[in-house]
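One chain, chain A, appears in both complexes that follow, with chain B as partner in the first and chain C in the second.
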Partner chain A sequence: MNRIIRIIFLDILKNKIVLAYTIILGILSWSSFGLEDNSAKGLLTILNIILFTVPLVSILFATIYLYNSSEFIELLLSQPIKRKKIWLSLFLGLSLSMVLAFFIGAGIPLLVYAPDSVGIMMLVVGCLISLVFVALAFLSSILTRDKSKGIGIAIMSWLYFALLFDGIVLFLLFQFSDYPIEKAMVAVTALSPIDLARIQILLQLDASAMMGYTGAIFKDFFGTSLGLLISFLLLCLWVVVPFFISLIKFKNKDL
Partner chain B sequence: MKIVLYICLLFSSLLHANVIEVGPNKPIKSIKKAIALAKAGDTVMVHKGLYKEGNIIINKRIVFLGKNVPVLDGQKKYEVLSIKADSVVVSGFKVIKSGYATLEDPCGIKVYNRNYVVIQNNVLDDNFFGIYIQNGSHCIIKNNRLTAYGKEEQSIGNGIHCWKSDSLQIIGNTISGHRDGIYFEFVTNSVIWRNISTRNVRYGLHFMFSNDDAYISNIFKNNGAGVAVMFTKNVKMFNNFFEENWGDAAYGLFLKEISDSYIIGNKFSKNTSGIHMEGTNRIQVEKNVFEANGWGMKILASCSDNIIKNNNFLGNTFDISTNGSLVLNTFNNNYWDKYEGYDLDKNGVGDVPFHPLSLFAVLTERNPSAMLLFRSFMITLLDKSERILPSITPDNFVDNSPLMHSLPL
Partner chain C sequence: MIEIKKLNKKFGKLEVLSDVNLTFKKGECIALIGPNGCGKTTLIKSILGMVIPTKGDVLFNQKSILKEYLYREQIGYMPQIGRYPDYMTVGQIIEMIKKIRNSNQTLDEDLLKAFDLEKIFDKQMRTLSGGTTQKVSATLAFLFNPEVLILDEPTAGLDPLASEILKDKIIKEKEKGKLILITSHLLSELDDMITQIIFMQDGKVHFHKTIADLLESTNEQKISKAIAKILKSQSNE
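Let's turn to the complex of A and B:
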């Protein structure tokens, strides 16, 4: 298994795209931190990267990579290796490279300029978001054999989580504003990994507003260490569940 | 000769006030007895020790001095020190454990309808009310340290409580753990200067119906609900710090029905709301710093003719918020770190007006749980388009001359 991971990891490194992704993340982060003497602007830039760029690149790159390496996967399948092992190694290789790219590109400037709770929270959440969207890529690429369809599904799911979902939540909030829906809304955020990530970071970044005004729901849930733990577990579930579904499908798939 | 000597002695006894010493090792062991022996103008010097004498009443014009911090204990039953004479000086005591009663409000030190009383350099610990000036004038409360351990509003009194007084000076006191750090009601022409009021259950400073007062260079930090100034005119608030007042109804500075006042040179940082204004008129908000607050300023539609100029707004979640579409206040020459305009003629003033009210601030005002979506990409897009073409936010809510660089405040 280690050897397969190493092969995939090296293959991805040879592929210049991840390198370019790392460099772009690096340029964005360093320049936005260097722009002003306070780290607020830089943190906001990285927040947007985490909520927008990281999911897009992770899901697209992983999906395309999976389709392109279908021959390699078939070759591996002809060997006496368990399917589970192959799929898991692919996942580990891909997610390792995406996480590494994020860590080097955005994580190091974060640790240099904002080595406090905000920076560390962003770093952890960014890595988790990379993992989540690699897992979603695995799911979307296993759903269909058709490459263009698979990439389409990947882009759609990104669009849904990054944009549509918040629109729906906003709509619900205002349609049902006469009802006590605050608690339900907290539960609804669990349905989107990007929202979970965003709220975790916001609680550190805009503490005065988040902990104060809408106090009740935020403080009582996300503000407590139990809430923090639960939302991290939920993020982890967002990694495990899509990958697990794809694994079952891969095991039973007629190639 | 003898007669001359007697006359001299007589005069000298008139001129020289006596010092009556009280202490465990002195002939007089009881403070009450010493006060009974004293004449107006005498000094009662209390030496180190623990004195449990119930309610001590000072009803003569004396100087009441503590040497090496003697402790006056109210045993949780009595008011400790009651001052019922003009021009009394109380200095150097540690006053602890006043009684608790909701009808009489027993205090550490209370002044009853008297003038020119000086209370300084005392330590007050675990009292119901700390220092209470009732209907006094020209009193000075200086360099006292007041500590209490209040958990809820009902079970604890105020630190420095002033009622129906005039020309007071509250200087350099440190107050924590009371209900309101400093409480002013019907107090006029007074000054509150260089006090530190922290971790009080309700307000750091509570201020009502008190005209023509000034509070300058105080620190109000981490109080239950910040500072409230209500139903007052001609207040001057200069160079104070309002910090870390967090909560649903917590404000750095809460203004209600205030008019003709000045808020200049203050710093508001890390509050849920920096300033909350309700029904205020003709207030000048100038040269303040609003930093890392949830809401820099909340100006409700009931405010009019306020001038907000030359302030720095830095790193607030929302700079300004309001609850209506009526805008009767002016914003000028402020620095907003969210300003994205340009300055072609390089005069330091941005060429495009700044709309400090974001769409999302309006949305959360209507529906607080929308805060859940803050900084989401969707919201950022909506905000951007709203700033270019205001439709929901009032378009006259504008700073026509936003500064390009922050003011050195």
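Let's turn to the complex of A and C:
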């Protein structure tokens, strides 16, 4: 297994895109932290990076990489290697490089400027979000053989999770504002990894006061260590479930 | 050595293989022929586990290959159209496969030398012509001294010199007692290599005969003429 992961990892590193991604993350983070003595603005910049840039780059890069390595996958399949091993190696190679890029680009400035619970929380959540969207990329690339369709699915799922989902939640909140739906809203956030990440970080930032009564409910739930644990587990599920579905599909795929 | 039992494969509604039963033994050199789209490549890919059968089973040394992978150590496969990562060089591809196989057997580098591949070791795969890519595929198939060789249209795209080298190599391996499975449309090329012939049509095995039987039953000297005679007599019926 290690041999294949190493081959894939080196191949990704040779691809200059991940390097460029790391450098851009680095420039954004270092400059936003360097602007003011207070680290709050830098944290907000990184929060936006985690919520928008990291998912987009992870899902797009991984999807395109998977389609471009179809020849490589075909070549490996005629060799004595388990299918599961091929798919898992691809996943580990891709996630390792995306997590590493995030860690070097945004993680190091975080640890330098905000070495408290907020900074560490952001670091962990950012890495998890990278993993979630790499896993979603595996799912979207196995759903169809057509490259442009697959990339389309990847972009659509990013749009859905990053923008549309919030709109739907807001719509529901206004439509049902006469009913006691605050508790249900907590459950609804579990349906989007980006929302889970956002709420976890916002609560650490003490910005929940601005979210009104719902914010208080969120604080009640996610503020406790049990709530925190559950939301981390949910994020992990967002990695495991899409990848597992794609693995089952890959095992039965004809090449 | 390889036993195919009631193999069925459907792609959606299209039935590509229906109820294929075949047995291949050591030391045989089998030609798999038939019109385009009759399921030859699908059959080969099911033996390799690249296509998963809808129904039926393939046994390799009496063991089912479904969900297995180690048996592939004993198979050398040369695809019809070799697809390789574009930006890897010839040398890198061969090194990578060596690393993946990680075999400590002595490598069979006859073809590597005969095709003079060392000269193009630093060329990227995407810059190679179709024929040169075929040479790389052939070299990889023979490299690990496999017990079974599966060659999908091996000489298509090769120049006469290279295809002669490959044919000599196939005959040499056959004499070592290996099982060789070839698909081809060039019947004239097969004459001095094969011992058995399988004719497929519409996903079914039409006949599976030894060459001696085939020539005797049709009173012909050449395989191509014998096949033509059988096909003609069928279309007259």
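FYI, the second predicted complex is superposed on the first by the 245 of 255 C-alpha atoms of A that agree within 3 Å, B and C clash if a C-alpha of one lies under 4 Å from a C-alpha of the other, contacts with A are read in each partner's own complex, and residues count from 1 in each chain.
Note that in this section a contact is a pair of C-beta atoms (placed from the backbone, for glycine too) under 8 Å apart; a residue touches a chain by one contact, two chains touch by 3 or more.
No experiment lies behind these values; they were computed from the predicted model shown.
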item: First, second, both or neither for A:3, with chain B first and chain C second; value: second
item: Which superposed partner A:182 touches (first chain B, second chain C, both, neither); value: first
item: Touched partner set for A:224, first chain B, second chain C, both or neither; value: neither
item: Partner contacting more residues of chain A (chain B vs chain C); value: B
item: Which superposed partner A:71 touches (first chain B, second chain C, both, neither); value: second
item: Partner chain in contact with A:79 - chain B first, chain C second, else both or neither; value: second
item: Which superposed partner A:47 touches (first chain B, second chain C, both, neither); value: first
item: Chain B versus chain C as contact partner of A:254, first or second or both or neither; value: second
item: Interface residues of chain A shared between complexes with chain B and chain C; value: none
item: Of all residues in chain C, those that touch chain A in their complex; value: 11, 45, 48-52, 69-73, 75, 77, 79, 83-87, 93, 96-97, 99-102
item: Footprint of chain C on chain A - complex, ascending; value: 3-4, 7, 11, 14, 69-72, 74-83, 252-255
item: Residues of chain B that touch chain A when the two form their complex; value: 246-248, 250, 270-273, 292-295, 314-315, 317-318, 337, 364, 366-380
item: For the chain A and chain B complex, residues of the former touching the latter; value: 38, 40, 44, 47-48, 51-52, 162-163, 166-167, 169-170, 173-174, 177, 181-182, 185-186, 189, 195, 198-199, 202, 205-218
